[in-house]
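Pasting the structures here.
Both of the next two complexes hold chain A, though its partner changes from chain B to chain C.
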Partner chain A sequence: MDLDTLLSFKWSVMAPEFIILGVATLLSVIDLFMKKEASRKPLAWLAGAGVLGALAAIFMQLDTEVTSILYDTYRLDSFSKAFKILLLLGTLLVLVLASNYKKEDIDENRGEFYYLLLSALLGAMMMASSADLITLFVGLELLSLASYIMAGLERRNKRSNESAFKYVVSGGIATAITLFGMSYVFGLTGETNLFLIAQNMQDPELLKHGFLLMFAFLITFAGLTFKIAAAPLHMWAPDVYEGAPVPVTAFLSVVSKTAGFVILLRFIIITFIAAPGIDSESLLLEVQPYVMILAATTMIIGNVTALRQRNIKRMFAYSSIAQAGYILVPFVSNSSLLFELIWFYLLAYLFMNIGAFTIIQVLTAQEKSNDISIFRGLFKRSPWLAVPMTFFLLSLAGIPITAGFVGKFGIFMGALGLEPAHYWLAAVMMATTLFSYVYYFNVIAVMFFRDGEGAKVSVPSGMAAVLAFCAVSTIILGVMPDLALDFFYGNFDINEFFMNIEAVDTHTHDH
Partner chain B sequence: MNAWLLSILIFSPLLGVLVLMFVPSNDEKSIKWLGVLGTLFPLGIALVVLSAFKMGGEGLQLTEKFSWISYEVFQSKGQVSYPIFYEVGVNGLSMVLILLTAVVSVLAAIASFSIKQNWKSYFILFFLLEMGMLGVFAAQNLFLFFIFFEITLIPMFFLIGRWGYLEKEKAAYSFLIYNGVGSAILLIVFVALFMKTGTMNFEQLAYTFSLPQAELNQLFITKGFKMGMLIALLVAFAVKLPVFPLHSWMVRVHVQAPPAIVMIHSGILLKIGAYGVIVFGAGMFPDQFKSLAFVIGLFGVINLLYGAFLALTQTDVKRVLAYSSVSHMGIVLIGLAAGNEFGMTGAVFQVVSHGLISALLFFLVGALYERSGSSELSAFGGVAKRMPILAGVFLAGGLASLGLPGMSGFISEFMAFLGLFEKMPVLAAVGTLGLILTAVYVLRAVLAITFGAEKELHEARDLTSSERVPAFVLLAAILFIGIYPAWLSDMLRPTLDAILLGLGG
Partner chain C sequence: MLQMSWLIPLFPLLSFILLLLFRKSKSESTAWIGVLLTGISLVMSVGVFLAVWQGEGIKTEGTWFQIGERAITMGFEVNPLNALMLVIVSLVSFLVHLYSKGYMHGDERFPVFFAYLGLFSFAMLGLVVSPNLLQLYMFWELVGLGSFLLIGFYYFKPEAKAAAKKAFVMTRIGDVGLFIGMVLLFWQVGSFEYDEIFASVKNGDISSGMLTLTALCIFVGAVGKSGQLPLHTWLPDAMEGPTPVSALIHAATMVAAGVYLVAAMYPLFQASEAALTVVAVVGGLTAIFAASIGLMQKDIKRVLAYSTVSQLGYMMLALGASGYVAGIFHLTTHAFFKALLFLAAGSVIHAVHTQNIEEMGGLWKKLRITGPLFLIGALAISGVPLLSGFFSKDEILASTYADGKYGLFWLAVIAAFMTAFYMFRLFFLVFTGEARGNEKGVHESPSVMTFPMIVLGVLAVVAGYLNTTWFGTFLSDYLAQGPVELPHGDHHGPAWIPLVATLAAALGIGLAYLIYQKGTLSRDWITRSFPSLAEVIYNKWYIDEGYDQTVVKGTRGLSKLGVLFDRYVVDGLVTAVTNGVQGLSKIGSRLQNGQVQSYGTAAIFGIVILLLIVALTGGYFS
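== the complex of A and B ==
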């Protein structure tokens, strides 16, 4: 590749990524040259400005048509824009949590914290835009490696170390499984580009290898469930969530999970959509029972195990496993609503979960404990914390006039919409939702019905802003979901997702 | 003005919430009075709605419709949108229930004077609950109905769990889980109906399902699908009503919740179950409903007898009344199972009548509890001597409950059974046994309290003036309906006729 070809790419496609990369680099350099004792807190403003800048860049790209650069390995389409907005928004809120996180041994690593967060974000954004197995995998690894370090950021905290170690080991295993599956896909089709793979999947020669193809699907899918913390690779979540610093837990449960769904959609839907099954036309139809069982198992494991948790972070880990199970349901039904359902649910989930983690961070810091009893009498002590927390919990439980309800309603629409309707999957989802009432309402009961003698809880202004933003968004999206849906329908054309533009025009030469 | 009237009514309790926000939480007196005022306001608007409502008018009145949420789905036949509207309206049936809600809410707010702590959050939740109830009866599509239905659950959970008696949390959880099961089934049914038909509107759904089977086949709606949906709906509302064997949560709630909340719960919330069976069951799936009539009637009789038997053996007056509610809801089912004019009218009359009677009785039990600190039958005796008014009203309420002619309970029981005798005489004959039992357990409980040897109560004052208002208003309403039932039946006529037309008489 010579300089001319390099310059011929329409690099503006990557503007948001460049902003994040630039800011992350800048942060690491500044951190290196700053005095050791100097406070790293102001760096958060720089990081936040970077994320905001990237968000602004994406909004400016909204009208751009599908473009791809670097020989069709990197593309900007509606799908990537829609999900990058989620990733950026999530990271922005997590940054506020991170800058307010107080622990003795976090302060010396605060600079690292910020640029690791941005690096992880960069990886996630790359995943959203990749159209090639290689870039997809590089993005995934960038996100993973940065997350591993962040989990262990509290160097003198045993739990945090344990968390990081477990995360690395299980993450490594998951990566190996994913790669193993991908290698079959590559072997069978001879391509790494997702669209070329999809093309080659229609090769009649492949009909003979239906079984291998199925195997490849099962393995890759299982490997990719790691990031979204769904069965069978969900076991890491409780331990990692418990030990990691709260902002990192929030990041893992929201941004990293979103990225996990992004890669699932990108890889599974594009490459396998035309793949032949063992004895039918479509592989995706044949694997429906498999995905269904994974979704059901995830919901059951998450919701049932959460019932027994006393540790609020562990409880939220299982809750987040359960939520992943809900979001897997649209994968089974594969209706055309797939993208907006998942997008909307993840948006709702972003607000309710980060909101809840904001309160968890404030309370665990003040009470020096992770036990559910830190919520005792919160309504008396600090009603302005208890009321938003109630909204978040109601939303997680899927009670009306919250965003979570609309999200769940949409998932039901997807599950029951196409023939044959998946009644039993809907029933499992509803039944496990009932289980979730018990543990979500248990927190509510502790806040409202028990008396606690703890002091009034003070909330830093940044955290209060995040809290207010999340609470208001949770309610507004619950009352007027059309705000988000219209935005989605108005700006994103999901057909672009399947549009292979390699054949049309690879590099535009108009600069 | 009329264009917005119903929405103003539904959300009018929010004004109370708004005002209460600015009142200091320790100002007990203002909060309590604002609590009453906050429910008087919706009552006033409900009366305006009543005056705007054309008596005997057919179909829906005062309708409002706004587009709310729209999903766009790409299917093989092209892009199909699944719109969800905000649509409200009233017919005779919902008008009656809205009035009942507004009235009972005011009286329950007055009864809430006995609440001892945290008045501010109590009344805020109370208002939200009222909003939910008004919305449930005014909603004209499944989505809206479900939302308001759930809105009633959450405040109830708090009201029971925070202001109830000894085992309040257990009661709150059992309320939540049982009703959660009900609403879970409802949600699945509603979404399934929506996805099959593309609409959530009650009337459109009823119309769609009345199409000939050949046209329904194109929508993949089979007879089995209809039957499955109906059974699921019946089960969901059976939890709410409640129908044996799904009643245990309701007894627990009636015993543990504060009296004012039990008034609301037994007076209105249980009626949502009956309303649901009428509107969704009989209204949308008339053919299937008819073929299930015997089962429904059977459950009605079981409810009636089972509730009555257990009421007979209870030693706690709250439990007596709770089982009596189970028993009386059986009569609603009996009337519905008959499926003819008498039966239907009887069922709806029973809904209204029991709403008033149980609100009255639970209010009086609350008053008694406040005076004695107990609700055991053995703790009372000779109340009539020291508190003649309380005892008198209590006796009157008891007589209404056992169906004395001249009171509302008589009309409804009489008509429900008249209807059933026409259709299933054997079942009806067995059911009448329940009426005898009712007389026995009601008199046993009432007489044990009012007459007999006088027991020492730590505070033996008669009904205070603020307590007399709910007692007398409810009693007056019970007598009014008993003496002049035509007022109610005129209002209900067009709605019931439409449903009966579907059921084929």
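== the complex of A and C ==
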């Protein structure tokens, strides 16, 4: 690759990534030269400014056509823009949580925290834009490695160490499985570019290898369930969520999970959309029962095990597993609404989950405990915390006039809308949702129906702002979901996702 | 007037918000906010009702959100059915607000109680004016939330907390059915609108299997909300809430929402004979089953709760037997007399501070207003001629008979007998005889409590004249303007039906009199009143013993059977499900043993299982 080719790429496509990269580098340099005892709070502000800048850059890119650079490994399309907005928004809110995280053990490390967060975000954004197995994988690993360290940030806290260790080991297993599956895909098609893989999938020669393809699909799919914390690779979540610092838990449960869905959509939908199955024409149709088993298992495990949890962080880990199960449902039905359903649900999930973690962070810090009893009598003590928390819990449970209801409603409609309608899956979803009422409402009951002796809870202004923003968004998206959906339909054309404009000519040019 | 009808639910909402702001206030005049605002709703509802009576109607809608190419709409609608519901709901709500001003006197969370009442009224009125199923569903859930808060209002009582949770989760089971039915209908019709669903049904766009399936799913929702068999167990427990709440939510409005739902979706049910039969059978069985349990209860509110379940069963039976008008008619009259009975019961509890009827007695002289009002309610629900319950019950019996469901007809007659019996058992034990508990300082409730009861008492008498063969079938004519094609006009069956109904009521009342009144009267009184004493005493003794040997033992046995069925079969099922879930939960937690090796094993194992299934089902080995 000579300099001319290098310069001929439209680098502006990567503007948001460059901003994040630049700010992360800058932060690490500044951190190096800062006095050891100096507060690292300004770094948080800088990081926040960087994320805002990247968000602005994406908004300026909204009208850009589908563009593809670096020999078609990196693309800017509606899909990447839509999901990057979610990733950036989530990270921005997590940054506020991080900057207010008070714990003696963590002070000296706090500079790292911010640029690790940005590196993880960068990895996630790369995944959203990748059109090649290599870049997808690099993005995935960047996200993973940064997350491993973040989970262990509280060096002197055994739980945090344990959490990081388990995360690394489980992550290693997941990566191995994913790579194993991907190697099958590569072996069968001889390509790493997603669109070229898709083209080669139609090769009549492949019809003989229906079984191998099916294996490849299932293994890769299972490997990728790690990031979204779905069965069978979900078991790390409760331990890691419990031990990691709260902002990291929030990041893992929202941003990292969103990235997991991004890679699932990118990889699975593009490459396998026209793949042949064992007997029928479509592989995606044939694997439906298996994805359904995974989704149903995830919903059942998450919701049922959550019932027994007394530790609020563990309860939210299981709740987060359950939510991943709900979002897997559209993968089964594969309706034309797939993208907007997942996007909307993840948006709703972002607000309700980060909102809930904000309150969890405030309460666990003040009460020095993770037990559900820290919510006792919260309504009397601090109604301004109890009321938003109620909104978030109602939304997680999917009760009307919250964003969570609209999201779940859409997923449910999708599951029953296409022929064949997935009655069983819909029934499992409704039944497990019913279980979830029990543990979500338990927290509400503790807040309203119990008298607590704890003191009034004080909330730093940054956290209060996040809280207000999340609570208002949760309700507004529940009352006027059109605000988000119109934005989605107005700015994103999901057909771009499948549009492979340059693949053919760059390919010929390349060879 | 009609254009403004969307404002009706908003006044109670305003009341909710205002009262939440004043929730720390110690002044009990905050209650007037709620009373005033629901009063406005009531006036507007009556105005709307009068307009609809003259044949008007309105439906306004706009797009709520768009998903893919489907637009989901929101709006409001007024038709004969829901205009009637508007009046019932806002009237009872208004009266209960007023009553609570006296009843909740001295409660330290006084304004919060009224705030919750406002929230509930808002949700219930919103449910009624919804023009489509989705909107109905949203208010349906909100109503459940209001009920949850109000049942758990005395949260320092563990029973109240448990009852609140139970009610919420149990009704939610029904909601799952409603939700599935609603979404299935959407994909058949392409809309949640009642009109469009009915149009599709009429055009035969939906296969008959699908019609039955969706109708049954929706009925499951109604079963949960209206406490029908087997999802009824939450309703008696819900009596842990304050008594005005029981009157408003668990007698007149929310529990009737299930009946309303079936009525609102009636064209769908009409299209499926199987669905109608299920509705009728479930309703009929519930009616007799709950009535039999009501015979043995000792808690005044629990008797009324089982009675409510039973009466709701009657309404379902009517709807299932093509008695659309009869069902709604009974819903209306029941709302009045049952609210009256609950408020009167509240007045009694207010006076004696116990709910156990064994500890009451002889209150007739002390509660000079409550007593007669309770009697009116008891007479009405028992179906004594000339009172409202008589006409509506008669209509249900006639519809059932005309529909050819003779088995259910006789069940309903027996249930009517039981109803009369347990109501008058209640009446005699509470109001006549001598005081069995400590009744010092018992006094009548303040006028703010008696006034609402008087209003309901008047309605419990006159509401029956809405639809009679003697003066005119106003209600059927009125409802005929609605979207539902009335099945087979008026079916005033054979003339002996009212006679049978009256006889059943008379027998029930008579039996209760003989057992509970006679037993508590002194022998002297009888000797003085009846000169030919020997024969009379003998005869009484004979009847008494005879009844005791046959009917009483029989009904006791039946009632015991009902209680046993409830305890072992229904509760057993519930417990089995709960234990199953808890067991699973335990297994899940145990698997999570903290060993990262086992997590890895689980992952690999999971994948291997998936691949094995593929290999086996895909015929790889064959």
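FYI, the second predicted complex is superposed on the first by the 502 of 511 C-alpha atoms of A that agree within 3 Å, B and C clash if a C-alpha of one lies under 4 Å from a C-alpha of the other, contacts with A are read in each partner's own complex, and residues count from 1 in each chain.
In this section, contacts are C-beta pairs under 8 Å (C-beta built on N, C-alpha and C of every residue); 3 or more make two chains touch, one makes a residue touch a chain.
No experiment lies behind these values; they were computed from the predicted model shown.
K.L.:
Going by the contact rule set out at the top, does A:304 touch chain B (first), chain C (second), both, or neither?
P.N.:
The second partner, chain C, only.
K.L.:
Does chain C touch more residues of chain A than chain B does, or is it the other way round?
P.N.:
Of the two chains, more chain A residues are contacted by C.
K.L.:
What is the contact status of A:166 with respect to chain B (first) and chain C (second): first, second, both, or neither?
P.N.:
Second partner only, chain C.
K.L.:
On the A-aligned overlay, A:21 touches which partner chain: chain B = first, chain C = second, or both, or neither?
P.N.:
Neither partner.
K.L.:
Report for A:426: first if it touches chain B alone, second if chain C alone, otherwise both or neither.
P.N.:
both
K.L.:
On the A-aligned overlay, A:236 touches which partner chain: chain B = first, chain C = second, or both, or neither?
P.N.:
Second partner only.
K.L.:
For chain A, what residues appear in both contact lists, the one with chain B and the one with chain C?
P.N.:
336-337, 340, 399-401, 405-406, 409-410, 412-413, 416-417, 421, 426-427, 430-431, 433-434, 437-438, 441, 445, 448-449, 481-482, 485, 489
K.L.:
Where on chain C is chain A touching in the complex?
P.N.:
Listed in rising order, the residues of chain C that touch chain A are 63-68, 134, 137-139, 141-142, 145, 152, 155, 161, 164-165, 168-169, 172-173, 176, 179-180, 183-184, 186-187, 581-582, 584-586, 588-589, 591-592, 594, 596, 598-600, 602-607, 610-611, 613-615, 618, 620.
K.L.:
Name, in rising order, each residue of chain A that touches chain B in their complex.
P.N.:
Residues in contact with chain B: 335-337, 340, 379, 394, 399-401, 405-406, 409-410, 412-413, 416-417, 419, 421, 423, 426-427, 430-431, 433-434, 437-438, 441, 445, 448-449, 481-482, 485, 489.
K.L.:
What does chain A use to touch chain C in their complex?
P.N.:
These residues of chain A touch chain C: 165-166, 169-170, 173-174, 177, 211, 214-215, 218-219, 222, 231-233, 235-236, 238-239, 278, 290, 293-294, 300-301, 304-305, 307-308, 336-337, 340-341, 399-401, 405-406, 409-410, 412-413, 416-417, 421, 426-427, 430-431, 433-435, 437-438, 441, 445, 448-450, 480-482, 485-486, 489.
K.L.:
Could you list, by residue number, the parts of chain B that touch chain A in their complex?
P.N.:
Counting only chain B, the residues touching chain A are 68-75, 82, 121, 143, 146-147, 150-151, 153-154, 157-158, 161-162, 168-169, 172-173, 176-177, 180-181, 184-185, 187-188, 191-192, 194-195, 220.
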